[in-house]
Structures are given as C-alpha cells and as structure tokens.
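Once you scroll down, you'll see the structures, which are given as structure tokens.
There are two complexes below, and they share chain A, which is joined by chain B in the first and by chain C in the second.
Right after this comes the complex of A and B.
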C-alpha cells in the first residue's frame, strides 16, 4: 500500500531532478570564443515591431546559406529594444527612433552604433464618407487637425486643396496610437517640423499627450478605430495601409509638391537628406521634389566593441548581408530600399566594429 | 388570487434569471465560435509540426510555440504546485490565526489581483537582468508566481471544508498530526486540490504579459531552458499585430489551439472532480 501510494511522488522527484540537470547543462553552453566562420552562433535581438516582418524574412533567407547561424528576433517595440540592448540582455536591438544622448550614455556595453536597415513611411488614413482615395492635406492643416483646431471635414482650409471635391459636414475624430510606437515618433517628428505650435505644445516621442482624439493599440487598433468611426483620421505604417486597402492622403512636401506615399518616395527622402557620421538622423520633411515627407529609418543597434568573437562575427556578417543582398527582399513586403549612396557608408561603419581591438569584418 | 400573484411572481423571476444566464453565455459562445470560425481554416498538420516561416513563405507552423507553452507551464507547475499546496497546508493545519498566516493570506489576496505584466517586470529585473539573458526558466518562474497564490487559495478552501471531527478521529486513534494530514486529510481533499491546481495551470497557459520580457519568444527551437523560448500567447500577439493577412490567419489558428488547450485542462479538472464524487 505504502509503496504504491508513493510511486507518483517518486516520479515527480525524478522529473524535478531531470529538469534541474537540464538547467545545469544549459548554464554552461561551453562555446569558447575565437572559432572559425563555420562555428555555431545563436543570436538574440528584439525591438522595432515595424521591421519585424522584413528582418524575419532576411534571417530566414540568410539561414539558407549559413545554417550554423540562428538569429532570434522578437518584436517588443522600439523602446524595449533600446532598453534591453542597453542592459545587454540582447545581442542587438532595433529601433524606429534614434537613441537620445542620455540613452546612449546609459548603454552598459559601451558605444552603440546605429546602422540603418530599412526605411518606413507613415501614411495618413481617413474614413470620410464619399471622399476620394488620395485626399490632399497641407502640412499646417494636418497639424491643426491633430491639435483639434480644425474640427470639421467641410472646413475651408481642407476644401481649398481639393477643388471639385465636396466634403461632408462631419466632425473630425482623430485616431492615434495608445501604445509607445516608432510610428508615432516619426509622425510627431514630422508635425513638429511643420508646426511650431505642435512642437511647443506636444513635441515628438514614441508616446505623447495627445491634445485630441481616441487611442488604439498597435496599427490594428488605429485601423480598427478609423474603420469604425466615420469622420476619423489617423496614421499608420504605409505597409499596413497598403496591405489592408485603406485610403491614404497625398501630402505636400517641403518643395510644395503633392506626393503620394510609396516605396520610391520614401527612399527619396533618405537620399535627399544629408546623413551625419553616426546615422542618427531624422528624415522627415526632407527637401527634394519627389520626397514623401513623413518617413524614417529603422536602425539596428550594435555595440562597437563585441565581447564574443563568434557571436560578433555572425552578427556583423549578417547585417552586412542585410544592407546589401538583403535589401532585395524589401519591396515585396512594402519596405523601402536603402539608397545605394548610403549602403557604402554603412559598410564602412560595420568595419569599425571590433573584437579585442581587431576589426571583425575583413 | 394570492396563488395567482405568487405564480406570476415566480414566473417573472424565473424568466429574469434564465435571460441573465443566456446573456452571460453569449460572450463565451461568441468568442468560441468566432475563434473556431477564423482559426479552423488555417489549421493543418503542418501547423503542429513546422516552425514559423517568414512572411511570404507558406507552410509555417507553431510547433515550437506549442511545445514552449507546455514546457514553461510544466516548469511553473513544478515550482508552483508543491509550494502552493504546502503553504496552504501550513495555513490551515498548523497556523490558522497567527500574524504570519494572516499576513500570508493578505499577501496571496493581493498577489491574485496584481496585473500579470508586473510579475513579468519583477522577474525581468530579478532573473533576466541577473542571468544576463532571456530564458524559458525565467518565463516558467514568472508563471509560477502567478500560480502560487491561486493554488494556495483553492487548496486552503478545500482543506477548510474538511470537518474537524475527521481530524479529531485521527488523533483519537493515536495517529500523529503529520500522518493525519498525509493519510486522512489530503486524500479526502485530493479531488478539490487537483481541480484547483489544474484550473491554475489552465489560467497561466494563456498568459502573455509575464512572458514578453522573460521568455521573450523564439522563431526557432530553443536548445536549452536557458535560451529564449517561444510560447503560444506571445506568438499570437506578434502575429496579430502585424500588417499581413497570412500572419493574422496563423494567429487565429494559434488562438484556437490555445483555447482548446485551456478548455481541455478545464474539462479534465471538472471531470476528475465529478467522476470521483459520484
């Protein structure tokens, strides 16, 4: 009787024992640094949810040629990516907004490099009964709509840019992201650059104190809010608007031209901007005739001084591939290609990454 | 006259209760049928055997997420169930009224009400930052912390139901307190304790927030418990917030699998309880 009753207990102890053994093995992965190129490497990265689908496909493609390299990238949001790479719980991060000086100083592993991986555009979408697909909205008007100063679709200021279109007498409802988001960063960066009032009252950031409107979580939340609310206007990643057939506005760029968001007009924004040495730059409202004004980079964040040779080598080689051949995957997924002029500079930047003082990329 | 009024009142109240019951069931069946409707079309054998594929490639699955969820819930159970049950035995059998047990009871009540994301942040700070990387172990720890108060509470309720005369009968026969608990009280309350434990397991199986910054997620197989590991809720969250229809489909299929898992756990808990008590 006693022995039978105790059997499940014995089993349980065996299981606990077995698992604790697994745990022990796990804590000593035993991968010495300084191995050749065929060495196995497991990398972990996280951050920008915007770049997740592209990076995921690039990783998969790269793995076909380098089966020894496993790269795990998770979309946790740009803010979390910055935080976690700073805490060194990740091998690399990815973000849609550049790190601030304070954030750079807080990084525990030394200097973090910003390496542009792709470009994104933010589309202004709306739900106005009987409105055409590419409504024209002037920069100052867009800022005033989001400030809550233009409150009705039949406002004279919107009408002047859209001759021949009769907009209904409908109240404007602003929809925005309620979660921290790189998309919000790019959009508010743009509004700050075109409206001094927005810049002083609201400013730019991944999450803001919105003067007007309703919030939605993620692109899906904002898209849902727009679809359910007649008279609403909001902002989405271009890829999201295109994939879900939502109408989006034509915006007026710095040169006064009306530009529809597209992959070409997004790439043009990067090509038209003077990009500084460290690549931490805003490309909203860039000057150039064919530039779409609401665009931004997604950067990969890598420590300049790598602590593990195998991992560092795998990471640098992968990113180098991603900014060259990997760019061919962009357009199929609605991402803009990096301008060719920038790729060479990025490669030079990758060459400054070192392990024990020696450059990794040869 | 009086009878008619009474019957009428009876009928009135009964219909109100019935209507309320049906209204309460609407969300349950609404959610279930919606998930089944959207998820069933994306469900295939590949979904259970393949790793996730990148956007644009077909035939992706969630094998690693399904296994990951099972492993992390198992780790959580290994930690949470023994601690929870032992703590509850202490609270009911050894120390019902001291400041310690009052404090522990208060703490468990507070813990059950704490948003699970906070547990995730605490484990991130206490385990992930100390170990220097995200891991399945950290995920399991986070889930176990959500489990422990649930199990303490349910086990305690079950032990309280056992009448004192049964304990006294044990002592009257000269059986020691420890033996009385092990041989008489625990077997009597076993069904209830098991039910409570399984419901706690089902509850944590669907948790996303505590796993986001502990287990992180992984699109490949984890080689050890010290690596980031995929789980169904996190994978669903990532796919559902992406712009692509194919990934939304996968998220629906994942939801269906997760809901089925939770329902199976719930049903088997209830079944275990019922079949033995009859």
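Right after this comes the complex of A and C.
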C-alpha cells in the first residue's frame, strides 16, 4: 500500500519506529529483586476477573525488572481459577471468595495457601429522581429491598434515615449481576451477615436465586440497567461506580456510623478484622468506627509444597513483590491497599512455602 | 438424472472421493461426539434430578437445586416473538425488493438489510440497553397495557428489560437471514412463471401470490427455520436485555432468562461439579431442542415441496 505518494507517511513510520527502538534501549531491565537471573520461568495463573486490572499491571511492572519471568494471567472467573488450580493445570489461582473445606480437600497438589492480594469494596448504587448523591440506607432495609419486601422509594423506613429528603413515589426496581461474580459473593455475604432472613432464604454465593429484580451482565450491564431505569437500585464494584460517576449510598456499619465507601474505609475493614491463621476470612460487616461494611479480599492461591524449583521460586518472589511494592499500583486503579499489619503476616506465610522441604523465600 | 454415470477410475478421482467423504463424515462425527461429551459431563445432574430437571422451576446454585423450565420457556417465547415479527417483515422486504422496487432502490435497501447481519450481537445488546429498553418502558409497554391489557401477555408493570425486549432484538437480528434467503429463492423463480400469470390477466399481487410464492415456498420456509435456529442460540444480545430472571410469567413485559444466556453467565463461576453439570445439561437440552426443530423443519419443507415444484436453496 505504501506507494511513492505516501512518502511523508513512510518517513513518519520510520521516525516512530526509531523512537520506539530508542525507548526499548532506555528501558533496560533494572535490578532484579535478589534472584537468580539466569533461570527462566513461565508462570500461568487464572481466576478472579475482579483483580485482573491490578494483577495485570503488577505483572507488567514486575516483568520490567525481571525479564526472565513471564507470567500469564487469565481472568476466567474465580470458580474456574479454583477448579484449575485444584487440578494442577495452573501455577496459581486467584479468587474473590475463599475456598470451602470440600474444595480444599479436593485440591490434588496438597495444601493450598490463601494469600490476600488486594481488597475490594462493593458500592450500592441507585437511580432515584431528585435524590441526593449519598442516600443513607440501613443494613436491614437494604436486605429487605433486595428481598422484595420494601417496594417503593417513599417507604417510611428509608425516609427515617434521610431527614429533609423527599423521596418520590416510585417503584423500586432491583438490579443485580446475572453472571457469576465475586462482587455478588461479597454483597450476598454482607446481606447474609445483616439479615437472618436473607441468610436462610437466599444465602451467599457467586450466583444466587434472587428473590427480586432483573439481572445485568457484568458491571457494565448492571450500571446500564440502573442508568436506564428510574427507581432502580443495584450494586457495583466501587471502582466501577467511581469511574463512571454513579451515585452510591452511605452505609451504616456495625458500630452504627454512616460510612461512604472509599479506599481508606475499605482498607480499614481489613485492619479491623481479626484475621485467622489461614487468612480465609470474610471481612464484611467488620466492627470498627471508620469501616465500610461491604468489602472483601481477593486471594492468590498457591500450593504450599512446590513441585518445580524454578517456577516455585519465581512465583513466591513475584507474590512477595506484589504484596509489598506492588501495592503502590493499587490506588491509581481504585483498589484498596492491604493494611501494613497484614502484609507482614502474609510474608511469613510465604516463607512457609517449600520445595522438597526447603523454604523457597530466604 | 437418475442414471448412474460411470467414471473412469483415476487416482485423482478416487482421492477426491475419499477426501470429500471424510469431510462429510467428520461433520457427523463431530456432532455425535459433542452430544456424547455433553451427555457425559451432564451425567451427575441427570442422575441427581432425572426428569424433574426439565420441569423444575427453581434454579438455586446456593442450595444446589436446579430446574431448567424457566430457561426453556424464555428461549422458546423470545424465539417465537422474533419469528412472528421477522417472518412477515422479512418476506415483505423480499417481495418488495424482488417484484416491486426499482433496481437502484433494490441495491441500496438490499445492501442495508444485509448489513444488519454484519452488526455484532454485543452492539445490538448495547443498543437494547440504552435505546430499546427505555423506549419499551416509556412508550410501547404502557401503550400495549392500555389498549391490549385485557390479554394476559400485555399485563403488568413496564420494566423495559424482559421477554418483549429479547424478542424484538432477536427479530431484528434474524430479519436479514429471512429476507436474504427469501430474496434469493424468489429471484430463482423463472420469469416465464410471472409472464404466464400476467398474461392470464393477473394483477401484480395475484401474480406474486399464484406464481412466485408457491414456487419459492419451501425455500422461504428454509430461510425462516435458519432464522429460528439463530434466535434459539443467540446469547449476548439476549442476555443484555432479557432481564436474566428465571421466572415463568405470562406477561411479555416480565424479565425472563434464556438457555444460552444462563450458560454464558454462570459457567465461569460455577464452583462445584453438580452446578457445572447442570449447566451442561441445559446445553444438552438446547442441543436437543435445536435438533428436533431442525428435523421438524426439514419434514415441513419436504411436505411443502410436494406441492408445486419450487426453487429451494436450503
């Protein structure tokens, strides 16, 4: 296609090409974080789509410093991640909900460790004509809205928490995720913890038998349904709600304080929770004055006993970097940072990972 | 041409014969293999629920209870709406383009209709969320409820997202298939047929009705069935507008769910084996329904083709 007529274009191409080559030269791999540079490793992971933007960025950054390590992460969903890591077809998995006891027993490569990689919050968004940006919704009321028991925005129970606000006589349309999702897991985990009726009738999971409302595919589908339906209410990843400038509710935490979701109030939820030895813990509805109650971890799943020395070393070093320096990438991408108190314990956990009985991380 | 032609046996011909035979068989093998594989993966669910899977109305992954009826219902209802709307429109488009339109108009409109087939389904879905659903909620559904509210199909509060939206999107998506095939088939009707009808004093409409349509009907039927096949399997556009709610309600305004949509939505996060196998069983049922419909369509075409001989594409 490049005929003589396009000569300036050719020049431009050459110029751009030249510059990009120079860029490559300048971006020489920096100092590796203390590991054998000669060992090449190819790691494959899959799972949570929630963590994908952050993990992908971390992988990119890490590769700049360790050009010998290639990590390929696919956002296939937490369920698929757990399944594949249990079958040992992956080097690591990532999940938004902790594995159950049965799932842990089914893992073929021995004991799987849950290492928190980041924290996410779920925002309650709504589309109510003339409503303020941070409507206050009490936990029990939220559960009853999603149970289909509160059906109109002018309900007295919503009004009592929002003095001075006149809510319209509009039917409530509930919108939820139709695809299986970690966001749904965290949200239903929260509703189960604040409403016994929700807990017995619906329960928690990545997909539910919803008592009310319509389903949208992905964050985008839910956001679209909410924006297009006056009187609707739904839940989204906090990052998605912030980036798309959607109004979200202020929630009442366990101590009775009204908290707006933010990265800080999400991190606070992890800091305020007593985290058990194996890190498999739900942090919804945590006690603590400045805690936002609808939050959850994303864990990386790694076998405690690594079968391949090169791969195991690369994996442990990467995860160790991701929970330390890698956390600096979080806030730009609207993820909450792991609290410092937890990072130390996670590092200790990483030190228990062994190859032929010898700890990998020194 | 019933007489057998005797070939000179040359190596090339034999090779060709074997190769094409292999290709033809491979399609069959692929289908049987897929069916068997799906049956195999669906076995845990089949053993656990048996026939109650097909008539069960509850889909609760948390309590490990699975019934497929709402999905079967949603798929069939949306596909039927699509067919009822798209078949007459597609046929009219084909008649207009073939028999009435000037050749310039024919080229332009024909091109535009076929363009509809080139739009990715996710784009239809987005258009459904942002244009179709609000329009249905604010204009169409209240209107239908007001004038036709005595029919149970048009009762209930307008949400926008629901079976009507799913059916409408599907109708637009299968329209080009039906229109294009009908057009091709009608174009294949010999001009002598038309001239004979006109010579006998037929009006244009009588000519189309008596000379063109009977000649082309088996082909048109084939086009409609191809459209139906696409409607049954369409996933993305439907899941974006149908409301994804496993309920069986008469009102077309109500949200529903389709088989293809639930598989696409829940497969990646199906965390335990029974759940996965229940989803595969839904796939198996969809496979079965499509197969039965195609066989039925084939029989229909054969019985129709016994009438006046028609040019058939399919």
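General observations
To be clear about the criterion, the second predicted complex is superposed on the first by the 325 of 362 C-alpha atoms of A that agree within 3 Å, B and C clash if a C-alpha of one lies under 4 Å from a C-alpha of the other, contacts with A are read in each partner's own complex, and residues count from 1 in each chain.
Rule of thumb we're sticking to: contacts are C-beta pairs under 8 Å (C-beta built on N, C-alpha and C of every residue); 3 or more make two chains touch, one makes a residue touch a chain.
Keep in mind that what you see is a predicted model, and the values were worked out from it rather than measured.
When both complexes are overlaid on chain A, the residue A:244 reaches chain B alone and has no touch with chain C.
In the superposed model, A:132 makes contact with neither chain B nor chain C. In the superposition on chain A, A:89 makes contact with chain B only, while chain C stays out of contact range. Of the two partner chains, neither chain B nor chain C is touched by A:110.
Look at A:196: by the touch rule set out above, it reaches neither chain B nor chain C. Legend: residue contacts after superposition of the two complexes on their common chain; A:76 is shown touching both chain B and chain C.
Within the superposed three-chain model, A:56 lies in touch with chain B and out of touch with chain C [touch as defined at top]. When the two complexes are overlaid on their common chain A, residue A:210 makes contact with chain C while staying clear of chain B.
Contacts of A:229 after superposition on the shared chain: chain C is touched, whereas chain B is not. On chain A, the surface patch touched by chain B in one complex and by chain C in the other comprises residues 49, 76, 80.
Against chain B, in their complex, chain A makes its touches with residues 15-16, 19, 22-23, 25-27, 29, 42, 44, 46, 49, 52-53, 56-57, 59-61, 70, 72-76, 80, 84, 87-90, 218-220, 237, 239-240, 243-244, 332-334. Contacts from chain B toward chain A in the complex involve residues 53-57, 75, 78, 128-129, 132-135, 137, 212-213, 216-220, 223-228, 234, 238, 240-245, 247.
In the complex of the two chains, the chain A residues touching chain C come out as 49, 76-80, 82-83, 97, 102-103, 171, 173, 178-181, 202-210, 213-217, 221, 224-225, 228-229.
Per the touch definition, chain C reaches chain A in the complex via residues 58-63, 126, 129-130, 133-134, 137, 157, 159-162, 239-240, 243-246, 255, 257, 261, 264-272.
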